[in-house]
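Quick heads-up: structures coming right below.
Look for subunit A in each of the two complexes below; its partner is subunit B in the first and subunit C in the second.
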Partner chain A sequence: MAESLFSGEFLALAGAAIAALAGIGSAIGVGVAGEAAAGVVSEDPNKFGQVLLMQALPGTQGIYGLLIAFLVMVKVGLLGGTGMIDLTMIQGAGIFAASLPIGLVGIFSGIAQGKAAAAGIMLVGKKPSELAKGMLFAAMVETYAVLALLVSFLMLNSIQV
Partner chain B sequence: MAVIEMQKLTVIGLNSGRTPFIHELMHLGVVEINSQEGVVNDEEWMSDIFRTSNSADVSRLEADISRVSTALEAINRYDKGKKPLFHTREEIGRGKFTDYMNRTKTETEMNVETAVMSYKQIADGQNEINRLKGIIAGLRPWESMDLPLQTKETKYSVVILGTVNIKTKFEELLQAVLGKAPSAVVQQVSADVQQIYISIICLKEERDQAFEALREFAFNPVSFTEHYGPPREVMKQYETQIEEIQQGINEKEALLAELSGAKKQIEFLYDSLSMHRDRAKIVGNMLSTEMVFYFDGWMPKKAQPEVEALLKEFEFYYEINEPESDEEIPVCLQNGGFSTPFEAVTNMYSLPSRHDIDPTKILAPFYFIFFGLMLSDAAYGIIITVACWILLKKFKLEGMTYRMIKMFSFCGISTFFWGVIFGGWFGDFFTVAGKTLFNVDFVIKPIWFDPLSEPMKLLIFSLILGGIHLFVGMGIRAYMYIKEGHPLDALLDIGLWYILLIGLVLFGLGSSVGPAMVTVGKGMSIVGAAGILLTGGRSKKGILGKVTGGLGSLYGITSYLSDVLSYSRLLALGLATGVVAKVINTLGSLAGGGLKGAIVLLIAFVVGTIFNIAINALGAFVHSCRLQYVEFFGKFYTGGGRPFVPFERKTKYIKILK
Partner chain C sequence: MSKNKIYPFAVASVRSMENSLMTKQKLMQMAEAKTVEEALRILSDSAYGKTQIKDVHDFEQMIGNHLEETYQAVAGLIPQETFIDIFLYKNDYHNIKVLLKEEVSKESGKKFLIRGGTIPLETLRKNLRERNYVELPNISGEAVEEAVSMYAKTRNARYIDTILDKACFSTMEKAASKLENPYVSKYVQMLADLTNLKTLLRMKTLDRDFQVFQECFVPGGSISFEVFSRAFRSDSSVAVLKETPYGLLCERYMEQGFTVFEKACDDYLMEYIKAAKYKTLTPEPVMAFILAKETEAKSIRIIMTCKMHNIEAAIIKERVREAYV
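On to the complex of A and B.
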């Protein structure tokens, strides 16, 4: 049992799963932003397009997570049709470690970005002309998800299988 | 660069010519009129000069406008016609518009009246329906009772109706009432989740006893004095009434739907009224005496001939002055050709203040490159450009929307370019499709390299681009220092940083070129760092201040590091587009070959591509903006300029041609 748990294949798949967990952050973030958006639209339905744009911003973490999960699956041969290739424990652990940054940072930055986006939506509710600034505030948070994506990607890319 | 030069205009004219003059000034639409609030404070003048205000006129017009806008709201709600994607203004000549208004005004006003009345009647009707529905809901529990609701008593007996909580045991209540008032007939009429509805009939003299018994059960008496007849009939009556009202509402709604044919005239009326209002309002910004009026304001230098011609025609006195150095001048941007649409980016941040230069021309090429690099898919680029181009052709867009769409049409070209460079055509769609459907190996080769297999190369390229962007920003700062007459600041605050940063890069990476480079880099770094350490605190007072100032400046190197690293998003977002496209294509290919496989692939492709373009174009837009606003503007730009708001036709539905 323990052997199969620490096999390279399992560790690699666990890594893909953890990367995909970044979606938790996006789900919460988009949810929080959506609540704020609904509030603004209830006052002025014409702002729907603007606030929808803002609501979409915290959604990217989930995509980044999916991206790394997908790359892991391609790397271990799950999506190529050839079947999963054999991995040593070291390789599996490497892939697992590579997946951690986007998985963890994705969750927390998604939540934080959701809050910033919600505040930005409130801003748009009061001053529609300030949409760009509201977006920028949310995008400042996303920087760290982008950096985590980059770290995950570069680590993953350097693991030889 | 391209902040339009402004001039100050001062005019004194005869009151008799004021109204036609304001008309013509609005037609020109190039002069901003300053508010004269608080200008005349001198006691001596106060008695003769007054701020003309026709607030009565203005508020009358405001009321008219709000009526017309209610009419439009009413008509729009019941207008079944398709709404266009973008709101555009209809173009019309000046004479034609006046003609049209004269011809249709009476009829249009009648239509407005009808629309507003109908809208109000619909709202009233709906309120009435809600009220009746509330009454019906209140009567429903008593539906099975045959007694007319208005019956409170007969000669010898009284009728008591009321409710108790659902948790009350009816048996106990019955016994308690019978114990006190033996003549009572207690009936449970109905019950719902909260309450039991009870009717009690007893002799008049036992009434108080019955109530006494009921009190212990928290009995809540109800009465229906305003209704006549048994509940069932009363409800039926009200239902018929609701139907009648509903019919009335339907008729009014049909009427409003019919009025949508006259919508255009009403919109014209709206604009005509709001122009009228603006003309009345602007008079409040002028000063008057018995005979003359005065105003001052701003106009672009290039508008001088037409304004002068107008003033000469009216024979008004005027002065045109260059702005004084400490005055706040309204800002209007004008850039040529390629950079015009990128004014949207500058606008969204903040207009340049008096001491800034217009950054649009410089940020335009960078924005163009960054956006493309972050999306980097040739096919997506074509789609974006073509879609924007169609929008531009189909709709007569204006202002900010026009600039944005135009900007995206440019950015699409950049996206196409980078896509070709990195070999992205719908991600790897053609490879996947070739393999799954036709079993052929078909690869579109990138012109430069494939970022998915050589990400480090693109990362370094991104950081170099970022370095250039930052250096340009710092260069502008230096240019501004020199222009303001502080060349020493330019040298010490920017020049030394140039030396230090270039030195560090050479020191770190120069070894690949030659060992001499490393030495040069080392020397430059030391010179730069020492210079910054010594001069960074030069504006501070005291030795301690100078030392900490120098250290603080040198510590600023961390911000350069984070600034440069920030450009790694160019790579990350570019990868995101490519990989998401790949995910879509892979998902599509899972169904295998054959017709079924082709259909699955096509569906996944279409849905996925739309999703990918939408989400990643948004990302590219936001992050290109961020790189400009935070990293680039941080180096030299403050913003905070006041936009130039000329007195012009601010119309919503029509555009009167000049």
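On to the complex of A and C.
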């Protein structure tokens, strides 16, 4: 049992799962921003287009997580139709480690970005002309999600299977 | 995420509504208007314009309707009812005062009643007449009974006011402590302190007895009754009160008199409320909005009343309260 838990294959799959968890952050972030967006639209339905754009911003972390999860699955042959290739424990652990950055950073940056996006939405509610600035503030958080994606991607690329 | 509940919907709605607040410049413009009709026209261009009136003297109707709209708009925003109720209790108690006085004087006080309390007017009237306090959850039945019996004993309507004011503040204090929101508690505390401070200085000016002050003292403030009684008995009340956090306000009173002091008190509260401008997800902005509207209404009342009595623009401008936006 313990042997199969720490097999390379299992660790690689666990890595893919962790990368996909970045979606938690996005879900919470988009949720908070969505509540704020509904609040603004309840007062002024014409602002729907603008606030929808802002609401979508925290959604990217989930996509990055999905991307890394896909790359991992392609790497281990899960999506090729040929079946999973054999991995040593070292390889599996490497893939697992490579998935951690986007998984963890995705969760927290998604939540943080959601709050920033909600604040930006309120800004649009009050001053519609400041849409671009509000978006910029929320987009700043994106930097760190992108950095984590980059780290995960580079690490994953350098693992030889 | 923090353990505190967040209310993005409520805050975002309120932020959008803040656009309907009048800026200080707009209020100043009203104050500078040449005639009262012109001031009314500026007022009609704002969110208050929904109610159209023919006679300038009916401007109170505009304010009343708009405030009621505001209360209704904000009421549904936060599921936790007590949060907004804290700021509506004063309307309930005001209505009770009116209804009780109506009862004893047999005169209609209809135009003094305000909608926007936590209890619908009809329910309040019916249950108050029957003295059925079970249907009036946040109203202190004891206070009502006491007010009525005090009036019966003394035939002085002042007791209705003072007893119910006390009850109102203790209801607010109780509700605030239940909420465990430091921003709200601090506000209620400051409000009680400032009310007592104003009462004290007014009593001193009018040369009233300590007994009267004691009757008017409201609970819930940070400054204890002992400090106030020391201040009352001392030759220089302001010197005693300087040690309190409101020392600067008291200095204003010494230098510039009561009118300026009263405005300074309102501005002091507004300064505190303004902290909510930088909150994005917690409920403070909702509360701030209610208070901002009430302060705005006060400013408009000052301007309109002064305009009707042809008071100079410069004097009106001095009295206009600080605006939230």
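FYI, the second predicted complex is superposed on the first by the 161 of 161 C-alpha atoms of A that agree within 3 Å, B and C clash if a C-alpha of one lies under 4 Å from a C-alpha of the other, contacts with A are read in each partner's own complex, and residues count from 1 in each chain.
As a convention for this text, contacts are C-beta pairs under 8 Å (C-beta built on N, C-alpha and C of every residue); 3 or more make two chains touch, one makes a residue touch a chain.
Remember, it's a predicted structure, so these values are computed and weren't measured experimentally.
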item	value
First (subunit B), second (subunit C), both or neither touched by A:Leu67	first
Subunit B versus subunit C as contact partner of A:Leu79, first or second or both or neither	first
Touching partner for A:Met135 - first (subunit B), second (subunit C), both, neither	first
Partner chain in contact with A:Asn157 - subunit B first, subunit C second, else both or neither	first
Which superposed partner A:Val32 touches (first subunit B, second subunit C, both, neither)	second
Which superposed partner A:Ser42 touches (first subunit B, second subunit C, both, neither)	second
Which partner reaches more residues of subunit A (counting touched residues only), subunit B or subunit C	B
Contacts of A:Leu147 with subunit B and subunit C, given as first, second, both or neither	first
Common interface residues of subunit A - those touching subunit B in one complex and subunit C in the other	none
Interface residues, subunit A side, partner subunit B - complex	53, 56-57, 59-60, 63-64, 66-67, 70-71, 74, 79, 131-133, 135-136, 138-140, 142-143, 146-147, 149-150, 153-154, 157
Touching residues (chain side subunit B, partner subunit A) in the complex	348-349, 455-456, 459, 565-566, 568-569, 571-573, 575-576, 579-580, 582-583, 586, 615, 618-619, 622-623, 625-626, 629-630
Residues of subunit A defined as touching subunit C within the complex	28, 32-33, 35-40, 42-44, 111, 115, 118-119, 121-123, 125-126
For the subunit C and subunit A complex, residues of the former touching the latter	1, 6-19, 280-281
